[in-house]
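Shared between the two complexes below is subunit A, which has subunit B as its partner in the first and subunit C in the second.
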Partner chain A sequence: MVLELRKPRPVWQIMFSTHHTDVALLYTITGLAFLFMAGVLALMIRTHLFFPGQGILISDPATFNRIFTVHGLTMLFLFALPFAAGIGNYLVPIMVRYKDMAYPKLNAVAFWMNPIGGALLWLGFSDTSWVSYAPYSVIRAPGPAADMMIFGLKILGISSILSSINFVVTILKCKHPDLPLRQVPLFAWSILTVSLMTLVAMPSYAASLIMLLTDRLGVSGFFNPSAGGDPIAYLHLFWFTFHPEVYIFLLPAIGMMYELIPRFSRKPLFSQASGIFAFVMLGLIGFASWGHHMYSTGMDFTTKVVFMIGTLAAVPASGMHVFNFLATMWGGRIRFAAPMKFAVGGIALFFSAGAGGVLNSAMPLDFITHGTYWVVGHMHLFLTGTIAFGFVAMAYYMFPFITGRMYSEKLANIHFVGMMWGTVQVFFTQHLLGLEGMARRIYDYPAEYTSWVELNQIATVGAWILGGSFVFFLANLIYSVAKGKEANMDDPFGLGGKYYYPYQAKNPTHHTGY
Partner chain B sequence: MKTIIVVSVVTLVVLALFPQIHFANAQLGQKTSEKQYINLRAEVWNEFFRMTTAAFVVGAIVSGTMIWLVWRFRESNPKNKTPTRWEKFDDPTTGTYEEGGH
Partner chain C sequence: MSHNEHEEPIPRTSPRRLAKMLAIIIGIQVVGAVIFFTHYDYWNSYLPMAGKIQEGLITPGGQPPPPPPPGGKTINVSLKFVESSDFKTYAFNAISGPDNNPEIHANAGDKLVFDVTNGGKSFHAFAVTDSKEGPGPAIEGTTIGTADNPMKPGASGQATFVPSQPGEYYYICAVPGHRELGMEGKIEVAPSGGAEQPSSAEVKPTGNKVEFTLSFVMSSDFKQYAFNALPGQTGHNPDIKVKSGDTVTIHIKNDSKSFHSFGVVVDPDNSSATQQSRVQTIH
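Presenting the complex of A and B:
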């Protein structure tokens, strides 16, 4: 599992390798690099909004639109998906006791689509927002930026489908015959669930992107009202993919917590079956709620109610995960090393984000909050508060196994406090901004609206704290890779016992799994 | 595995039927479509407040439990110095509640 950072190996050998740990390393580093790039864009947006009416940092609305578009696209498609695929690449073959991914070359090809797609998104710097709603994206969005974005997303979509096929085949067809599917660890179950969801959800978005492109080229009018098209049709196609996609981002983070919480509680997982059940339920329910993004489009009452109930149906399944975590921690002897701190912090914020989701899904309140900063706060609380917390926890957990060195616990503690504080300050405040009526995606606002000014400034200070905490994270990674203490590879966190997956990777004859 | 699939499907069917039965009952006593629409909105608000109340009560209990868990079961707690019974194994996380791991 040690990934050759200590063994001198030419970079090109890792880059052109098809071994699952090499591809995993590439995915993980790419994901983290894009996280920092998109984070800089977020700080630019927040710093700009600190000073109403002054145009500091971002001089015109078009540039502002481009910045938040690329920020969103990067965080979702170039950080969240590749990072989850990276950890999946490390652990899934080991968890199902197979030598590699089912299709190693396909795996490498799927990875290499990410930098290409990323380059198209960043070189184009489109202004359509990450959702690219029609008719703006059809009739007004300037090319070639929007076209490059469509091509970039197309490539990233194909990459997701290829890696999903690979994960599904690896887990279902290549797992060891002695390992029943119900005993496959829950992280692998989370990857299986999201891979199947991707295969069902992604074609709808792939179709809508082609239709968007042909509409832009003027050869069709699917979403163009002046050609008899219907922009609402785009919303249905888009959200049919992207509400499930919320779970595709979320479930790997939950799977990572399933890996960490028993480990650091030094006791067995409370219930494997309820974890599997909750993953399967969320995988199915994820497709029953896309309409809640579109209540204000003139849907009939019954349809809205069905989508409302469909959305709320996710609550019991999400609760099952949380109760499973709590029951696992109960009676343990918990070591709060950095991975466990971030995992527990992520669970705590998962609750707040979930409560916001319950309110969003209720249609009367949805009309009040639709298109406001409430929605920005809600989705970011999920993406940062739960998903990024889970991913960062896993990054710290995997660090000694990847590099053979320990990270600095002191810097990790500063990172944790800053990230927790910053996340709460920015995104809770954005909920309040939404209730105050501030619309999302606006370049400027009147300085006379004192409540908006105050709340924006509080949110911006929170964003600086959050951004600052990631400077400590980056410094920790760079410093510890070069000069960190040598890790005890059998038990780097001092928990006692042998670490199952990394230990097994180094000692293939050893197996003590569930 | 089969049990999980069957339970998932049954749960989904129940969840899908619930709103239909609920709103079909609400419609029985109504005559005009306009009146029906207004009353159904009130139904939704009532449902919303009931669910929000339940969500916040459950949220407070679970969050409180988690804070207590973190404080009580941290390894630095004096009451928690003795190794747990699972720590004598090579991998203390082996097994689950269903398989007698607890």
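Presenting the complex of A and C:
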């Protein structure tokens, strides 16, 4: 009945299970653990930047570089991707009415690559920044850290390709024959879209990682200018993967909101068709805009215009999602439990982040903001404001179904207020810092630049509020897992509807009969 | 959802299970942290091959770099850290007398090989620096140990220093304070040149133009390759003798069955770029 404990089993049986809810639990817990680890790094960075010129907390620039590198890699590859895969594992088989994922063992293999990749990233603690741009990453980034990072990312990339294959096959081939694809819930559609995107996007990065490695070994010179290579080629290969990857991070969060908003508005979804259309549109458009990361690399004007239009084409599709949410909520009897609060907060910040993105994509403005804190603020507003909000909303929503217990609504409220406030204070301020000209990824800045000092200190206080709110989240998780109120398993949120609930998973012990 | 499910009790998470889960997560993190911090210096410890190639530390094939340019000789120096019994004076080789901190004379391009032993009772670290005071900064590649990770008593090691520029250098103990106590010796580096170095002055063209003809030949079993005639026959690999400043034109013909490419080098075992650049090779 309860996903984790349908039949009480020893912990090791869950760890080495291939059932989709068990793998989902592992994914979710791993993702959350890495979220807190990378969050600590983020707080170190922000606290360090509170005091210009004093080298407080982080004593040398190389360590600073290593910290923000691992912070970025962890949040993207060890929190965002595994968490989305975790929720996908829980819900997708139920949504397509199949007993499990299509390839349960492949599923477990894909999960177990995550801890290995994570160990390589964290043990090496490389200093290349998460993008590992050439030529630094080729010529100077010290080994073995950078090599370990390359192998770690390689493993994580293969893991996400394997889980994508699994999702695509599960949704397209294992779907119940009575269920037309257009009626598959939108969360499963979001997972289908990002899985297909991963399969198209990831090979480019996988190739560039191998090229990076052979360049580092001195046997090739793809990106090494002193061997006749071209660092810009790396940028193209990298962003061909990672602009679509932005949507790969984002769409599951939007899909989760599609799960939550109708349910907590106690109203059917406004338009299933426009949701599907917008997902597919974003999935296609995601591949038409990688060049906007590279306007300042000397691209010719026509190419830049093409990429600018490609980028702006994402606006209508994103708008369709927002309007779909608003129209669903309109006139509903909304119950603002924690998942709904985070989902609605996420929509608000999605809109703000998108507005900043429109400015960014206009190439004359991009020349001003490129490489500044504006970009840091923009992308964190997406990652924290939309993606993390959606994921946290889903974590609260799934909590009673996984544990059989209810989280503390009071602590969740504190978490929500702190996270909303903190996110706005840190990342809006970072936009302004960018306009003041502060470059990103710098270890220190002159104390004489008073506007930088003020804005940095405002941002850092915001980060402390944000970090503090996550202490309440962690406390809530730990306390409620152990001693939370027993949840009403038929309707834990008191919504009173006749919707299906995620704990209707099939018998999680089916694999023991092999 | 069916109502039958309510017949069995609903299992829920318990503090015990939570404790197990936290023990696993925190255990993995602690083990990871121990591995990370005990090898802290290792993770970011060396340049990638591509960086070493760029720095000239190795060649693209992974071989050590070519020996120093012609005229560079290898000078072996053995040094020992010594301390006076009251630990107030530190020095190399001897506290006083002719052996005290021996001065080293070399030419730019020479290779100085230091064999260093810690004969004292303190920790020391060897380095070559061009700064006139203080414990460094050390010239890259010349250190044995560092102030953070010094040579223990009795330890020994080897370092090489190839001065590319003339000037005054110092070999010192890189542990702060030890140089001031006397662990400092001078290395005088004179400009490269001297008797054995070929003159670097440009040779004026003589106006003489000489022409030669060579052809690539191979034995029928492809085991012997030569110019003009196979080994043992007359005209095999002829010597070409010209005067400095002559313009030499060499006509090449490939009479063999393989592909070949012609070039002129100064010394086949030791090709120096500066010398080669003055030979214009025409295919």
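What we mean here is this: the second predicted complex is superposed on the first by the 493 of 514 C-alpha atoms of A that agree within 3 Å, B and C clash if a C-alpha of one lies under 4 Å from a C-alpha of the other, contacts with A are read in each partner's own complex, and residues count from 1 in each chain.
Here is the rule we go by: a residue touches a chain if its C-beta (ideal position, glycine included) is under 8 Å from a C-beta of that chain, and two chains touch if they have at least 3 such contacts.
Just so it is clear, the model here is predicted, and its values are computed rather than measured.
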Which superposed partner A:336 touches (first subunit B, second subunit C, both, neither): first
Contacts of A:348 with subunit B and subunit C, given as first, second, both or neither: first
Touched partner set for A:358, first subunit B, second subunit C, both or neither: first
First, second, both or neither for A:368, with subunit B first and subunit C second: neither
A:207 touches, of subunit B and subunit C: first, second, both or neither? neither
Partner chain(s) touched by A:447 [first = subunit B, second = subunit C, both, neither]: neither
A:119 touches, of subunit B and subunit C: first, second, both or neither? second
Touched partner set for A:56, first subunit B, second subunit C, both or neither: neither
Subunit B and subunit C contact sites that coincide on subunit A, given as residue numbers: 500
Residues of subunit B touching subunit A in the complex: 1, 4-5, 7-8, 11-12, 15, 18-19, 23, 37, 40-41, 44-45, 47-48, 51-52, 55-56, 58-59, 62-63, 65-66, 69-70, 73-75, 80, 83-84, 86-87, 89-99, 101-102
Complex contacts: residues of subunit A adjacent to subunit B: 180-182, 262-263, 265-273, 276-277, 280-281, 284-285, 301-302, 305-306, 308-310, 312-313, 315, 319, 322-323, 326-327, 329-336, 344, 347-348, 351, 355, 358-359, 362-365, 495-500, 512-514
Subunit C contact footprint on subunit A (complex, rising order): 1-2, 4-8, 11, 29, 33, 37, 62, 66, 115, 119, 122-127, 138-148, 215-219, 221, 224, 226-227, 403-405, 478, 481-483, 486-487, 489-490, 500-501, 504
Footprint of subunit A on subunit C - complex, ascending: 1, 5, 8, 10-15, 17-18, 20-22, 24-25, 28-29, 32, 35-36, 42-54, 58, 60, 62
